[in-house]
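This structure is in structure tokens; I'll ask about it shortly.
The first chain written gets the first letter, and so on, giving A, B, C, D and E; residue counts start at 1 in each chain.
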């Protein structure tokens, strides 16, 4: 049984399908916000593997004895994209600097790693102060994207994975140098320690085919 | 009778399986009593007149058209200047007694108000609990509040559905004269549903008799009461009304003399001035017949009369008398009829044991 | 912006949103409830069912549709355009619209039931006492339906305070503008600041308890006073 | 009178500003009438007897203790074998007429059921709309259903709060004999609130007169009616009851002879067998006095009597007569009294114009 | 597990959860509503306010507390222990408990109002016709309060179908066990599979519309039939 961060859903489904086909194990995946999943895990939710959207909670799980020490690793690294559904709006860094938009959507920096990264980008560009009042915060990166996709915000700093398969619009892939790494960690949970399928899945996640899928979905894959 | 001082009702329609086809015309100057058995459609007619129910037909009150389906006219209830005392008191539970009384009063332009809250409340004996919650009132108290509320709406037509049914005699004795007084002074025509012959005889000027959804008979009260076909149904309760004039007062015995076409009634003293016209009510069972004028009897009112018509009904007979031009009814046993030889044309004396003054 | 000030802003916003939403709910819900109670149209139950439908959608999904509705492609954007904006999303007005949509059935159904419970007689009496339909509505129907209004208000208020899916979605969590308390608690829970979350939740409960108890008790008082 | 065949009521308490202190004892064998002005506490007493309201005191019915605060006893209403006809019909709106009638019936063990639904429905004239919704009934129809419902609960004590107030005379004429019949055959004691003297005189065996929260007088009907203090208040409505025995029938004139201690009444023929005891009711205003036995009058019932007591009241006098041991009341004018020299001890003839058979 | 099967499981689970929750809500809510309507205790309005409180908390926060309550350290875990489990969380039973808690006010308040609306007279009449309190409750109070029950059921049902914050938190969205439709739609929306989300939402709306309309119409029919 897997507990998977919602932003990884699409990629996860493909990987799960591939894993089931390859090994014959049956996998049940639950998706949710990392915070909610973690809370459930603290309440002994019957999850065996935890694919988080950050590094904090897997580490915390390890520390609290909820996860098997040493099984934690980064399975994907997120990339930020400045995206607008309008074809010519985003030209690059300059779009942000020009500041001719009314609303810029970012994820909540307090709860979402993508949000924290987005704020870092704005600070790095030195425009945080000027755009702060024009930010709208999505609870998570999915909502942030919805703000942009529905046109309520002209543009937003969203996950590259979200627009990977979307044609049209205009985008600028934010250089990784502008923000700290958005690493997503996976960990084997104590409950799943004895479950061979769980162990096998984590191994599969590191394998080539899985990494290919992850990359195709717009994530950077850690070395 | 048609025209500006009449009430014309012409209604047809059905409620479920009950079919109503009522048509009558009555003067819009006094009290029109609607009588008839339970479930015959009295309330239904009042509701139509109030505009709460819409059947087919037309309604005209004092020349104003309230409904005329042929012309597509239907005045909504709130635009009809009525006062309606429902069969059940139906007070507003969210308002105090005072709030209930003021509800209609407030909605009448002050120029058109004809009664003061305090007066009406006093007369109906509800001033003692103006600030109470209607739910805490007794049945009779609620009914009196409902009557007061309808009156305070200064209606130009009163609709009263058995307004006094739940009241004790003492209350009735206070309220009836007040209603009579209102009729006389304010000229509020009233459609009055009642099961009580006393009330009807006392109050009504016009009687509409209803049976199973249609009008059986309609006419002025004196005429209706002595119509033998109707009187027979009434049996012992048949009665007649006599219009008379006050001719004198006897201070010693506290009696009042009232002259009518057939003689002079002596009744318990009243406050009427000499010369005033009044109405008397004589129940058939209060009238007895003798061949001779008898003396040494406690009965004061004895008049020569001629038998007009006799209807036999089992052991009883209802006799219509011509008392100097005024019709009276007497109810006697068939045995007495045979013994005295009562038949049309026979001169007799009628002894009236009791007589009630109306108004 | 520091934490305390932000929290205060959230409190103020929550109260404002709940109060405004409840009032708007009553204003919009009452005529609908009245129509549902009085109409003889055969299809009125269909309308009643439609009013209840927003409830069926998960808040975030409803929020998503609301975003489309309020956004530049929907009528909301058109309205916003009149005032020089591009969208009603991320505004207080937008929050109110979303909350109203979502809590409407809680207000309409109880008020409708209340309107139906007293039967036709009081309104008939009012009509015979010269009260036109509008007058009778205010002077008789509304006071008699008071329990329904209170229930509607309590449920609408509580639901608006607690709702956050829709609000989160439409509001964009802008501190001081659209970030309400429920969003703040959510943030604390997500960031594992449970003590703060507990305190805030406790505070909300106490506040809401006071408001709701106030409404309920006031109703009974009024019931007695007005008589 | 105390003991297994009596109803003992002892209640004190207050409803808001209204204080009740009622105490009376009545036989639990016939109909006990509660009379009194509007708002005096009649309904309140019935509610206490039914257990719907709990005031302080004790209640004992046929030896069973229903309430005794001294001993901490209070039987809940559903455990009291009563039938209650409320002042307002109070039908269940969610049940059909039949459902209403069956409600109580079903809850009585079949062995204890004393009446059949069909019979009661027929007698009360409600069989025509058993499947209708109570809301579609007329006021009188609803009331009749309520009476039928109470009867079908096979009560051992009936509580009736003005049950016939909303009914027309024709309905009353059908229902009253039925109630009398039930009293006679089923032996259901009844507390009966009524504003109608007719009903009271006709039905009641015992009269409890209530005034503003307390019992003014309580006693058997004959005694109560001729008590001069009470009769005076009644004025023209004072009356007496006479117990008599059927002695013969006259086929030709359809009359029945009823012997009592002072003579023989001739009344409209009844179906009673010879020898049966019946009760007659004579209104004071239906009795007139003569010095001589008069002939040639339509009045059949004339008896020698002796004046017992005279009470003057304005222009009127109420005269109590001793008619061979039976008290009768006559209401005459003061003028007649003076003319005839009416005073205690004076022998006279009493002419009874109308007499009503009770039962 | 393939998508279609998972969806079917979600549909089944949603219907089951909504139906069971609605029934449990009626069973629990009715006595509370009855007590609130009949009691003369001064503090009963406080109880009424408390019943409304769960509404005030954001669903995830409520879900969080519910989770603790149901989890191994709470009473739920103790109860689960009796049946050999370790927690009521992540089970269907847990979902029902959470949903019931959250929708209770929608059921209690309307039924309470309905119980209060007909006044004391019908119950008095029932008592004089030999119906004991329990009998009168079933044969008179409940049928007369039917509109309140329908409103409670409609709101409870719709809210349970749509709710997902609490359900997600308590249930964990385990396909076939605790993953209900609202969670499924949420997943689709979150993963930007909007066409699927639209279709699912549309299906839910149609289904819920049918159920709610059915309840409302049935009520009016029953009202006529029973008479």
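Note that in this section contacts are C-beta pairs under 8 Å (C-beta built on N, C-alpha and C of every residue); 3 or more make two chains touch, one makes a residue touch a chain.
Quick caveat, the model's predicted, so the values are computed rather than measured.
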Common touching chains of subunit E and subunit A: C
Between subunit C and subunit B, distance of the C-alpha-averaged centres to the nearest whole Å: 56
Whole-Å gap between the CA centroids of subunit B and subunit D: 26
Averaged-CA centre spacing for the pair subunit D and subunit C, given as whole angstrom: 60
Residues within subunit A bordering two or more other chains: 36, 39, 146
Numbers and ranges of subunit E residues touching at least 2 other chains: 60, 64, 189-190
Chain-chain contacts as defined at top: A-C, A-E, B-C, B-D, C-E, D-E
Touch list for subunit A against partner subunit E, complex: 1, 3, 6-7, 9-10, 26-32, 36-37, 39-40, 43-47, 140, 142, 145-146, 149, 162
Subunit D residues within the subunit E interface of the complex: 50-52, 76-84, 86, 90, 92-96, 99, 103-104, 107-108, 133, 149-150, 153, 159
Complex contact set, residues of subunit E against subunit A: 1, 60, 63-64, 67-68, 70-72, 86-87, 89-90, 168-169, 172-176, 179, 187, 189-193
In the complex, subunit B residues that touch subunit D: 15-16, 35-39, 42-43, 87-88, 125, 132, 136-141, 144, 161-162, 165-171, 195, 197, 236-237, 250, 253-255, 266, 268-269, 285-286, 288-292, 294, 296-300, 314-316, 330-338, 340, 342, 351, 353-354
Subunit C - residues contacting subunit E, complex: 45-46, 48-50, 52-62, 64-65, 105-106, 109-110, 112-114, 116-118, 147-148, 151, 154-155, 158-159, 161-165, 182-183, 185-186, 189, 197, 201, 204-205, 208-209, 212-213, 216-217, 220
